[in-house]
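We call the chains A, B, C, D and E, going by the order they appear; numbering starts again at 1 in every chain.
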Amino acid sequence: MKFSYFPGCTLKAEAGRSGETAISAAGALGVEVTELDQWQCCGAVYPLARDEIATKLSAVRALIDAKRAGLPLLTLCSACHHVIKRVNRDMAEDSDVRDRVNSYVAPEVPYGGETKVVHFLEMLRDHVGFDSVAKRVTAPLAGQRVAAYYGCMLLRPSSAMGFDDPENPSIMEGLIAAIGAEPVLYPQRNECCGGYLAIENKGAAKRRASEVVRSAAEHGADCIATTCPLCLYNLTENGAAGTMPVYDLTALLANALGLHVEPSSGCAAVCSVCSERNSAHAC
Amino acid sequence: MTKIGVFVCWCGSNIAATVDVDAVSEAIKAAPGVVFATNYQYMCSEGGQAAIRSAVAEHGLTGVVVCSCSPRMHEATFRKAAAGAGVNPYMVEIANIREQCSWIHKDKAEATAKAIALARAAVAKLNLDRPLTAPETPVTKRALVIGGGIAGIQTALDVADAGYEVDVVEKSPTIGGKMAMLDKTFPTLDCAACILTPKMVDAAAHEKITLYTYSEVEKVSGFVGNFTVDIKKRARSVSVDRCTGCGVCSEKCPSKRAKSEFDQGLRERSAIYIPFAQAIPNVPVIDRDTCLKFQTGKCGLCEKVCPSHAVDYSQEDEVITKQYGAIVAATGFKPIGLERFDEYAYSRSPDVVTSLEFERLCNAAGPTKGHLVRPSDGKEPKTVVFVQCVGSREASGIGAMKGKPYCSKICCMYTAKHAMLLREKYPDSEAYVFYIDVRTPGKNFDEFYRRAAEEYGVHYIKGMVGKVCDEGNGRLTVRASDLIENRQLLIDADMVVLAAAVEPDPSARALATLLTASMDTNDFFTEAHPKLRPVESPTAGVFLSGMCQGPKDIPDTVAQAGAAAAKVIGLLSKDRLVGNPCVASCDETLCNGCSACERVCPYGAISYETKTVVDRGAKDERRVASVNEALCQGCGACTVTCPSGAMDLRGFTGRQIMAEVDAICR
Amino acid sequence: MQNVRELMIKKAGEMLSSGEVYGVLAWERGDFACDQTPALFTSPESLSRLAYDEFTAPMLSKYLINEAKKPNEGKKVMVFLKPCDTYNFGHLLSEHKVERDRVYAVGVACSGIFSREKTLLEKCLACKGMEFHHCDEVIGGEGKITWDKLDRFAGVEMIESMTPSERFEFWRGELSRCIRCNACRNVCPVCSCVKCVFDNPGSGVMSKSNADEFEENMFHIIRAFHVAGRCTDCGECSRVCPRNIPLHLLNRKFIKDVNALFGPYQAGASLDDASPLTSYSVNDPEPGYKDKAKGGERVA
Amino acid sequence: MPVESAFQPKIAAFCCNWCSYAGADLAGSSRLSYPADVKIIRVPCSCRVNPLFILRAFQRGADGVIICGCHPGDCHYTSGNYFARRRAALLFSMLDYLGVESGRTRVEWVSAAEGQKFAATMNDFAKTVASLGKCRRIGDLRCRTSES
Amino acid sequence: MRVDNDDILRSSGTDVRKCMKCGKCSGACPSFDEMDFPPHIFVSMVERGDAAALLSSKSLWTCMSCFACVERCPRGVEPANVIEAVRASAMSPQGANRMRPEDVPVFLGAAGECLVPQQLLASAFRKYSR
């Protein structure tokens, strides 16, 4: 199994190790992942305005690179996945966008959405198989009640993302069960955490994130796990405030596979005041 | 060569005042084939008809042209007159010189010239007419009703009461359909079973009605008046003749884990079961998929305990073939599945139920014996949120549609009913109804809805539920908009009731294919005319009853069932069907076998077969079209789609119309 | 091309030797230079005569109508189809003129067909593409269009831009040359009626010669209408016309209108689609007389 | 082409039996006049109108051809007028392409209740056709040998 | 501020006339309490050509683009796209940027490292400036 890999800015940031963790976990599962040679920011938000072309270009370049390599394009960050998958769909289905983008990017062969964009979770479920994951687990997280947090961008709009039921998803729960923990279902798992507002309107982001954490706690979760770096940050920073650990699900996976990584959590950066890794603390 | 007589009518002064009738009858004598021409004051009068008779006798006419009023007025009259005089009635053509000429033109010379041209066109057409005989076919005086719900039962009863035999085919083990599952009915709140079960008993007891339950239609051939139908009676594994309905078998059956279809899965049933107490026939059926005897070979308990030795594991499916004159589709509906509507937490929480499940929870014969409680913990609900239009009135956007584009029509009323029932059972409860529109056209309907709001204190909120959160501990948080007050509501609810859209029963699609009856994009049967022939399918002899044609409530269903019955009775009352001879026919020597005509025929009247075609002595094996004249209605769509001209329309042949064109463009 | 020819001979030889097919529809050298002619090969030995090069213009699908019907102990006939011919094959299948299981269809690569004058044929300049449809296998792979493609509808648009009088004069000039040789009809895979209306005394429109000028034109208009929604735009009618009448301009007008009015449609591409004239949508546009811009000829 | 003031165009009107023919009857019984050179040919349905008939009319000297049928959705035979609409859209566009001006061909949906509309349509159509003058017959598309 | 309603309709790429005014978008919106004009009113105002009044709305900056409204709309109207289109239009005049490069340092640590996920900054720039 081979994939091209688009890490994206956040997971590539110096202190952000979850990208590497995920890739080593994939390696342990026999998946060969090659990072794209040169990649630019995916664009961070999908340009909803139909006439925006420039903001789609970098995603298309990544897609073309993957096409050249003849491999599906693996993504991990929810935002990157969302942007690249939707741009890819536009390239496949919207001839207007396709023509204009191709005339900008001018690849040797016009790009028409040929690359398959695969999320890390999707790769685990459909290419590795959760059964095989379970078989490779050496340090199961037995006894842990883990609440999967999907957030918004991973699932919606389902017609574009299309790998799980947008209202009653199961892919993260499948992985949580595979690594030996007990998945906790709670209604806020696919409601937005408000991460996007964390800069603009911290209060609102706090209210949303707290609601998510409260809901998970009420359903008896020991911790929350997510794959989205933005959610990870926001839930830790603005939601849990120390009351509930929030983990990167791929780190939990890596640990279960015996790779011994410190479950990275919260703000990917090191606290500038006390050098503590988890920023959900008072210093 | 046709010997044509032309009769120009004065229509009193209606024609004669503007058209020089003498000039017309004189001029037309020169037209090819015309051997006689005259004019008369009133051609439609007895005198006029007598003139036709005597001219036929005197001149040996084989065709008649009448220049008179519109054929829509008197074509039938003159055809009859011609037939009386010994001329084939289809050798009559009308030139419309009143509506199309004398009444709209003032200049006599102009009008006369046009009248002559119209007469020439009629003569030209008549020259190419061939005598036709209206086809007659006998009628099998028995009707088949497919579907044993209220629609099918009502149609069957009405047809049977008129003295005709009716067979009812029902795929489930009992008749009664969806109505049998309901608790109360709007707008009167009388109990569904109280009004339905007597009709079920009547149908079972009626000497003219035969019920085939647990049966399906497998094959249909033939056409109006003469259908041949194969009905597959699935093996019940219990002898209907011996069984007394005592119920010991179900009681003793050790396999009790199947979900009760009748109770919407809210209760478990045994493998040998009677769907509900008033089922007809009141004979159990063995569900072979869950029966231990059939699955493992062990058990056989029901056979041992049956006091009348009715259990018979060796029973096999049986196909019976019968003849029918008319077929009524009454296949009904089902609520749509809500798998894709999990924003309402339907699959997460047992306390989020569909309206039909709510009916069962209210029903005295239901899984809770009418004690309305939450399925999760058996507690009485205090706050219930009703959501209307779940899956109705949708449109596709960025993705495919989850629901249906139409209004399901019945939800507004039954939701009002449910809210009232709740408030009646638990006066301290709260009922919230979220609506987009409240649609209550119907006798006493709006009054009913207003009663729910005004007398029962049901909270009607214009807005929609966006998310239902199962908070655990039996709490449901409902997040919804209140558009009138422009706010978002969070309601702590004990139950949520979803008014799921209705859709045609899935069996309808296959049946439509068997019947060559057309369907719309939503799989509802199409009617022959949306306004004027609402209970007939475009396929002759096939009629529509109830929800299979479109969403409708019980009063509408019963009305339509009766209307369908009236149409069936009208058909069966005839000994022979006189058809329209002006139908399409295929010249096999010209047919290419391309199927284009088949695709455009709205009546499924064209079929293809491979046969030996003899063309001027040469034999050839070919795929050719054939027209079922009993089904063809004579529209002519096929004739134009056929490039080789193999298809032609009798009475309006290509050559005839071209002859008319030639005549009027002269 | 040489390589493709060898592969064709090899495959045909295998199929004939194994007895899987009773014959192979292909081409052989014709009587004139650059004039490859359809031929049925029934023995492996005869295959040395098989010709395939850039002058091999004729399409073979129409021959299947008769060949695939012959009993031949139920054996199949093998046929070579160029990409554009595969649409014709599809069309014939969809109209039941050919039974699919009596044919072994082999797509052969095409790199454009040249006229005797060594120029690329018009139909190739306006090539629809090199994909193969409905084939059992393909020899030589999908070709590439190496030339500047002509806009298929440019000619139609040019005529549309004329005034009605100019259009009338244009067509008068073109159709006047017709000698009713029927080559256009005989080569057309769609025009494969058992008996043509124009040959049928009972149709009321029979005309076999150029006796009456109206019938001449009626022939071309009706022929175009009869193939409307079915014509695959293979361009054979124009190619074979000895008087060089651009008949494809009639067919392409219908194709252009069908695409514009009822949605894009390529006859023969799919076996399932209902053709534009045997289907409808309740939202179809009204016939164009309301289009004021087109109007009639202005009176000075 | 100069227009003679007295020019009366010949018009062939194909009317379906169920709606438009009845509409014409209503125009008649309402005494609503339209030019005498509009002559009606009754067909069971607009879908019965073969392009052959239309060409034939032009060949025989018609200056305009109109097809009238039930309104879309109201066809007596459910779908006939939908097929007619497609065929007419293509054929009339083709005739225009051949130089028979689009003003000479028309499709109009006239119900049995629309006598007024029927008369108005025929008057308007006749006016349009009259303004186009005599129709060069399609037959003229081919020159006589003597002319060439 | 002037705004071309047609531009907004075009760039949103959605057909607001399909809205049947059920209010499901506003029933689903997790940010409803932060908004002055909730999603259904956005759609309604753009539909009747009154987008100008929305340019200064708070909702432009509190919509989280979480697509709950898009996912759940039964009519295939995409309210989030409409909001995004108005937001883009609000930022089109020069100097209308809501976020400037000089706002960034507070999110950086002593060594210039990013204290928030980089994606948050990137997206904020993309959303709040041109």
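Just a few scattered comments:
The rule is simple: a contact is a pair of C-beta atoms (placed from the backbone, for glycine too) under 8 Å apart; a residue touches a chain by one contact, two chains touch by 3 or more.
Nothing here was measured: the structure is a model prediction, and the numbers come from that model.
Using the contact threshold fixed earlier, the set of chains in contact with both subunit B and subunit E is A.
Where touching is counted per the definition, the chains common to subunit C and subunit E are B. Counting C-beta pairs in contact across A-B and across B-D gives the higher total for B-D.
Legend note: the chain whose CA centroid lies nearest the centroid of all displayed protein CA atoms is B. Chain centres here are means of the Cα atoms, and by that rule the chain farthest away from subunit A is D. Averaging C-alpha coordinates per chain places the centre of subunit B 44 Å away from that of subunit C. For the pair subunit A and subunit C, the distance between mean C-alpha positions equals 53 Å.
With centres taken as mean Cα positions, subunit E sits 23 Å from subunit A. For this pair, subunit C with subunit D, the centres built from the Cα atoms lie 33 Å apart. Multi-chain contact residues of subunit C, defined as those touching 2 or more other chains: 197, 204-205, 277-278. Chain contacts: subunit D has residues 51-52, 56, 73, 79, 83, 87 touching two or more partner chains.
Shown for subunit A are the residues that touch two or more other chains, namely 157-158, 167, 191. Pairwise, the chains that touch each other are A-B, A-E, B-C, B-D, B-E, C-D. For subunit E in complex with subunit B, the touching residues are 14, 18, 20-29, 32-33, 38, 40-41, 68, 70-78. By the touch criterion stated above, subunit C contacts subunit B in their complex at residues 69, 95-97, 192-197, 200, 202-205, 226-227, 274-275, 277-279.
Taken together, the subunit A residues at the contact with subunit E in this complex read 8-10, 13-16, 41, 43-45, 48-52, 55, 77, 79, 151-153, 155-158, 166-167, 191-192, 194-201, 204, 207-208, 229-230, 232-233, 267-270, 272, 279.
Interface residues of subunit E facing subunit A in the complex, by the touch rule stated above, are 10-13, 30-31, 33-34, 61-62, 64-68, 70-71, 78, 80-81, 84-85, 88, 98-99, 107, 109-111, 113-128. Listing the residues of subunit C that touch subunit D in their complex gives 156, 159-160, 164-172, 175-176, 178, 197, 204-205, 210, 212-214, 216-218, 221-222, 224-225, 228-229, 250, 253-254, 257-258, 261-262, 276-278, 280-282, 284-289, 291, 294-297, 299.
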